[in-house]
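The structures considered in this document are given below.
Look at the two complexes coming up: chain A is in both, with chain B in one and chain C in the other.
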Partner chain A sequence: MQNSIPVSDDRHHKPASPPASAGRKAAGRALVMLASLGFLLVLLIQLLHATGTIATGFSDWRPILIAYLLWAIAFGIGQVLTRGERGQRALFLLPAVFFTVAVVIFPTIFGIYIASLDWNLSSIEGPRFSGFDNIRGMLNDAYYWNALGNMIFYGVAVLGEYAIAFGLALLLSAEIRGRKFFRVVFLLPMMLSPVAVSWMIGKSLLEYRFGPAATLARYLGWENPAFFASPWMARLSIQAMDAWVSIPFIMIILLAGLQAMPREVQEAAKVDGANGWQSFWHVTFPIMLPVSITVLIIRLIFKLKLADIVINVTAGGPGGATDTISSFIYRVYRDRSNVGYGTALAMVYLLMIIVLLTVLLRLSKRWTQKVV
Partner chain B sequence: MALTRVTSTSARRHPVGPRAKRSLGRALIYAALLLWTFICLFPIYWTITTSFKSAVDVTQAHLVPWLDFQPDWKGWRSIGLSPDTLFATSTARSEFVNRFVNSIITSVGASFLALILGSLAAYGLSRFRYKFAWMRNDDILFFFMSQLILPPVVLALPFLVLYKALALLDTRFGLILLYTLTVLPIVIWIMRDQFNSIPIELDEAAFVDGLSTWGAFLRIILPLAIPGMVAAFILSLVLCWNEYFFAALLTSTDAKTLPVMVASQTGSQGINWWSMAALSSAAIAPLVIVGVFLERFIVSGLTAGAGK
Partner chain C sequence: MKQHDHQLRPNRRTVLKGAASAAALGTSGALGTFSDAAFAQANLRAQITQIPGIGKGAPTDADWQKVGELCLGPTKASVKEGEFKGVELSFMGLNNQNLHNLLFRGFLKPWEAYTGAKISWIDLAQADYNPRLQQAIATGTVDFDILEMGAPFEGDVCGKGLASEMPDWVKKQIDYDDYVDYLKPPVGTWGGKTYRVTIDGDCHNFNYRTDVFADAALAKAWKDAGNSGEWGVPRTWQQVQAVTKFLKGKKIKNQNAFGYLDAPKPWGGFGFYFLASRASAYAKHPEDKAWLFDVDTMKPRINNPAWVRAIQDVIDALPFEPADQLNADPNTTGFQQFLAGIGSMIPWWGDIGQVAKASDTSVIGDIVGFDILPGSEDVYNSKTGKWDKLGSGPNFAPNCAYLGWGVYVMARVNGDEKKHKAAWSAAAHLGGKDLSLWMVMYPSGFQAHRLSHFQFDEWTAAGYDKKYITSYLNSQLASYNHPNRAVEPRIPGIFQYYSIAEDELTKIFAGKVDAQTGANNIAAAWEKLTDQIGRERQIGLYKASLGA
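Coming up: the complex of A and B.
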């Protein structure tokens, strides 16, 4: 830990502050050492207490959290004492780093450990080490692979959202009256909570008996407007709801890109006699490609987390047709209280996401470079 | 005579053609705009009007208040927020208010915490060069941004176990920590963009005036970064307010937030249309107001760094 301290160089031309005196340095080191010892001591006591070796200890693990916080503060002070100006600079970054390590890195590592357990929260037996049993179970879990297949559909559907959003962004950047009004209105769906949306649209607008959408569909000649009965229709309905909530986000970013585009380019295309479609396809679209790829990747990242609408509208039904990985794992936990298995599924999913995004980022770098 | 007439009509027709085409194009643009406006607003309109409907009006799909149906406070009465029940005691209302307050505390708390942590880190990353083992500034930024790809399910179950041990299950503080985590990358992204747009000469001038690194940051730079901070704060607020997954798993009675309450109402006792509509309207109202009045901050927050 000690030799991986952030080191900051001068980017300013600030006269270097006088080097910290030997006494201050020693005090700083002593403080960090003391805090580390204290933290380890508290941890040790609690570990021994939890395993039943000693009787004294705390009723829960909260003191560990406080000890970690105190240690982090002491470490920060130690940095300033030992390294002066550079320590002060490190202080900008340290809080966020410590926070992230505490709430992301540590739980993720802990999660890998849980994933190897056979741990049912509702059973009395408690956790039992089972190695790769969970992974083996996953390979035979048809529902998991089914959910993964659905994720591919949802992921590809991002392209559809993108097409609509691009259209809307083009509309908003045209010379229109009341642009501000339209922009506010188009943004509104993004502000709404997906849970409220799943009731507002999924359970009431699309309601089979008297939802307005069903009424409209009947009027248009669809005799049996069941939006959630057949697998494909249900998937499309869920996707439509998610699109409704998230199109504004894509639209806003594309709109910003369109507005940053130099006017001369458009005019040059017009002078060359390009019609609307040509100037879009040969000028606007290529220029927008870097922004488009960025927004598509961000949108895909959020899409891979899709859960709340599915949980609240169909709960994965009919027959798992609308399940996402997240909603499926949520049910694994809710219905079976199976923490170990659920975590194992989530970890495998995380690995897949990392691989997918690494590939996408590599590819996108090549594409965007080709254009620029 | 005939010749002049021909030339005059052709002269007239020439500008008319494109103009007709243009106005047709404009009509199409406005038609598309209005269609999407309808798509965006109708669900909201439907929800709000439904909260004033009685059972008959719901089943007969009445749409326009006063014309189609007589509005009634039924939905709002069921959550204790209609004019006649507003000052009477009501368990439904106290539960709603409790959830509402939970939502406000968790989302505002998390946004504040993320703003503090994120602004500090973003300033550091935009002004100094760090080396953290093999990691340089860009790697550190990527490290923070990479938290975005973590799906909530990965963390949810470990957190369930950890929070049980830490006695943080079903507490607002526990939720605040998690929400801070989910919005921190976004805050860092927005704030770094903001700090990069503030010229470094200002820092240098502050040093010449004898301010320390932290003095320059707090007194000179931070006040200039307020627009970015407002944008980051509001965007975080929106994301935290709407968060459902963690709240559903990690809260049960005390710290339940509004989305969890809305979700739990749909399952049990069949769907009570008017009260669900009233509840949904109340749950989305704060953010609809935020969206209407603070739209430019949301847009500037979303587009931070996108123009480059």
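Coming up: the complex of A and C.
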């Protein structure tokens, strides 16, 4: 990082404020202390009330949120009072930190707590602490592992989507007639909601009785064009629908990469006598590798969340052939009100995704470094 | 749009009907004692059932509003105009098939205009209903004052003190005693208190295509194939299986003929009822009230020979059903297949009969016949572990699935007298005796549930064919009154049991596990769930629901 150059213009330069006086510092510390104690007291009262230890308390948790906001404001003021200009600078960062704590860190920790509960919404006793029972249950849950197996299929299929998208991106980057028109047309599926796609394609176009695709298939000689009746056919049909929605996204990123690629490199390859395939494989593809890996990882993240199309079209069937982790968690949580177990499944899946992506990012760093 | 300005002029049919009634009364000398109120009510019922008239297209919002306004009499008798001004009520219900809440809106618009209350609506799809309700209960975030709910959830809601007890004036207004016997207490009650305004009576009846079973060519082919007995509507599940296998590859009106339609795809737990309908004749023994769990232990019976036989029947029948049947849920079998002319037999609630005749969405029209669910030549006796052949013939056990929808008022209105009265007034309006007749006659999502709904003449006067409606109503009445009816257990979390079963059943039907292994898996998961919810409490509630 470069050192900042001293600014000589008086209009932009403000001398550092004098160090905070001892009185201000003490006032700042006292404010933070008081605010923290107040917040903790309110939190403690509500926790004791919620657990039935004391009768006094709030009817809901909204006052805790207000107390948190007040504490955050007091903390910011305290920073300014105790640290002077450094405290002022911290004010630029603190709102983001507090926001992240409130909507990411706290829910994650709370989620881990929920994951350790035996909590069925129909149980009159309510939630009970069960330690690692949910994780042990998951290890023996054939539905979870089946869904994970399906996720491997869906994950690998991203490579196929990438190959098609690359082909389309090459096509659209070439000097073809109607290029702009095709760019817009190819992007249309991405603009559709997967739920709309489920109904328009899964439940209408591919419908066995009256769907145009089924009618065409019959015309072409497929006697019983049932797209969701056999496990592999159903899996492929779901994958095809999801690919149709997502390929334009991969394509547009790759297209941007192709257009940013210097023409001279391609021309040099031509001058050296490389044919089309050699030019692509030895020049274009390696140069596009950083873009490719970025788009593949983003697409994989999206793919690991696949649920909507599955829920709407097959409900995970036939026999779990199309089930995904997300659609399974959805059933556990929604249809069976099994909050503790559903949260545990989601937490483990989150952990798996973090590990997988960390490994992939490290590997991709190595690959791209080699290329560059 | 408000419907204040409509004028319902009596048509020729109602005039003649009224004149004939008056003449009959005159000749019997009873005219002098005939009360004006009764005459007015009879006239009102004749009026509303002509809106829009059977066979005159599907009813619209304007029709619902007209009916709602005409049925305001009981409300006007108990509530002053504008009495609930300033009261805001929240109503949570379904929007299945664009019915339920959509009708309620229309019915309640005139009520809102008269009373001054305002209603906001929470519309839910069938599959979203259970989780939304469970979350509201568990998290203490009940954000609705009036709830459309099925009796199976009474354990979850009334058992936790979340519902408001029905006042006596409501009981009187809705004529509580008019309900058919099987919907009287304990249904709608909890701990001896009454909570529910019943607006629906549920059972699965057997819907079949009359043209298929009257087709001479098929009858000949049936004989030629060496089948025993005459070609006709199956009376037992054994016959259903035989007919389904026979019809594969046959034609009816130049279209592929199919027999029974199973619904293997999960449907938020509700799909389990369709296996239960296949199983009830095998599993519900006349000498045993229980059929889903052992009554003293809650040990599941889903893996006993009766249920496994029903599951095996589905496995055996699926190759003879349409090629994509594995991906068909009950909504598909009922509305996209059977009513569209595909398949010749399905079990369903009363919606099929209403929609077939009174909706534009039906292709088949009135070539539908109805009966109670098929029986079985033998029935499994869980106590002896043997199959019994009854001296009286096949065992019939109509599946009283879901026990119908009701309107419940939540306890959160109890603290506000005005709101409490307003909520109960709205519920009583929806569950009113005359309004209910219209609801069960036209597509609404609700079927006959009052003794007064079984006056066949009212149906024929509205435009139903006598033979058709006699078959339809008799199938329901016979199911409700059947001594061996299989009754839904009103225990908390019942749809969790069903949902778990659906997941395993889809594996069985896809051939991943055999019927017995899959059934064992369901039983194991149900045991775990019972322990999680609380076994002792479940046993108590199960016993209570069976009256054991």
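The working rule: the second predicted complex is superposed on the first by the 333 of 372 C-alpha atoms of A that agree within 3 Å, B and C clash if a C-alpha of one lies under 4 Å from a C-alpha of the other, contacts with A are read in each partner's own complex, and residues count from 1 in each chain.
One rule holds in what follows: a contact is a pair of C-beta atoms (placed from the backbone, for glycine too) under 8 Å apart; a residue touches a chain by one contact, two chains touch by 3 or more.
All figures in this text were calculated on a predicted structure; none of them were measured in a lab.
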- Message: By the touch definition at the top of the document, which applies to A:Ser193: first (chain B), second (chain C), both, or neither?
- Response: first
- Touching partner for A:Tyr333 - first (chain B), second (chain C), both, neither: both
- Message: Once the two complexes are aligned on chain A, which partner has more residues of chain A within touching range, chain B or chain C?
- Response: B
- Task: Considering only touches as defined above, state whether A:Arg209 meets chain B (first), chain C (second), both or neither.
- Result: both
- Thinking of the overlay built on chain A, is A:Ala321 touched by chain B (first), by chain C (second), by both, or by neither? second
- Task: Classify the contacts of A:Asn224 with the two partner chains as first (chain B alone), second (chain C alone), both, or neither.
- Result: second
- Task: Applying the touch criterion given at the start, work out whether A:Leu93 contacts chain B, chain C, both or neither, answering first, second, both or neither.
- Result: first
- Query: Is A:Ala256 in contact with chain B, with chain C, with both, or with neither (first, second, both, neither)?
  - Reply: first
- Query: Same chain A residues contacting chain B and chain C, which ones?
  - Reply: 209, 333, 339
- Note on the structure: Interface with chain C, chain A side, in the complex: residues 118, 120-126, 143, 208-209, 224-229, 231, 234, 314-321, 331, 333-339
- Touching chain A in the complex: which residues of chain B? 29-30, 32-33, 36-37, 39-44, 46-47, 50, 58-61, 63, 116-118, 120-121, 123-125, 127-133, 140, 143-144, 147-162, 165-168, 177-178, 180-181, 184, 188, 200, 203-204, 207, 212-214, 217, 238, 241-242, 244-245, 248-249, 258-260, 262-263, 266, 271, 273, 276-277, 280, 283-284, 287-288, 290-292, 295, 298-299, 302-303, 306-307
- Which bits of chain A are touching chain B when the two form their complex? 4-9, 11-14, 59-62, 64-65, 85, 88-93, 95-97, 99-100, 103-104, 107-108, 110-111, 114, 167-168, 171, 174, 176, 182-201, 203-205, 209-212, 215, 244, 249, 252-253, 256-257, 260, 291, 294-295, 301, 304-305, 307-308, 311-312, 325-326, 329-330, 333, 339, 342-343, 345-347, 349-350, 353-354, 357
- Please name which positions on chain C make contact with chain A in the complex. 127-128, 130-131, 134-135, 137-138, 156, 159-160, 264-269, 322-327, 329, 336-337, 340, 342, 492-493, 495-496, 499-500, 503, 506-512, 529, 532-534, 537
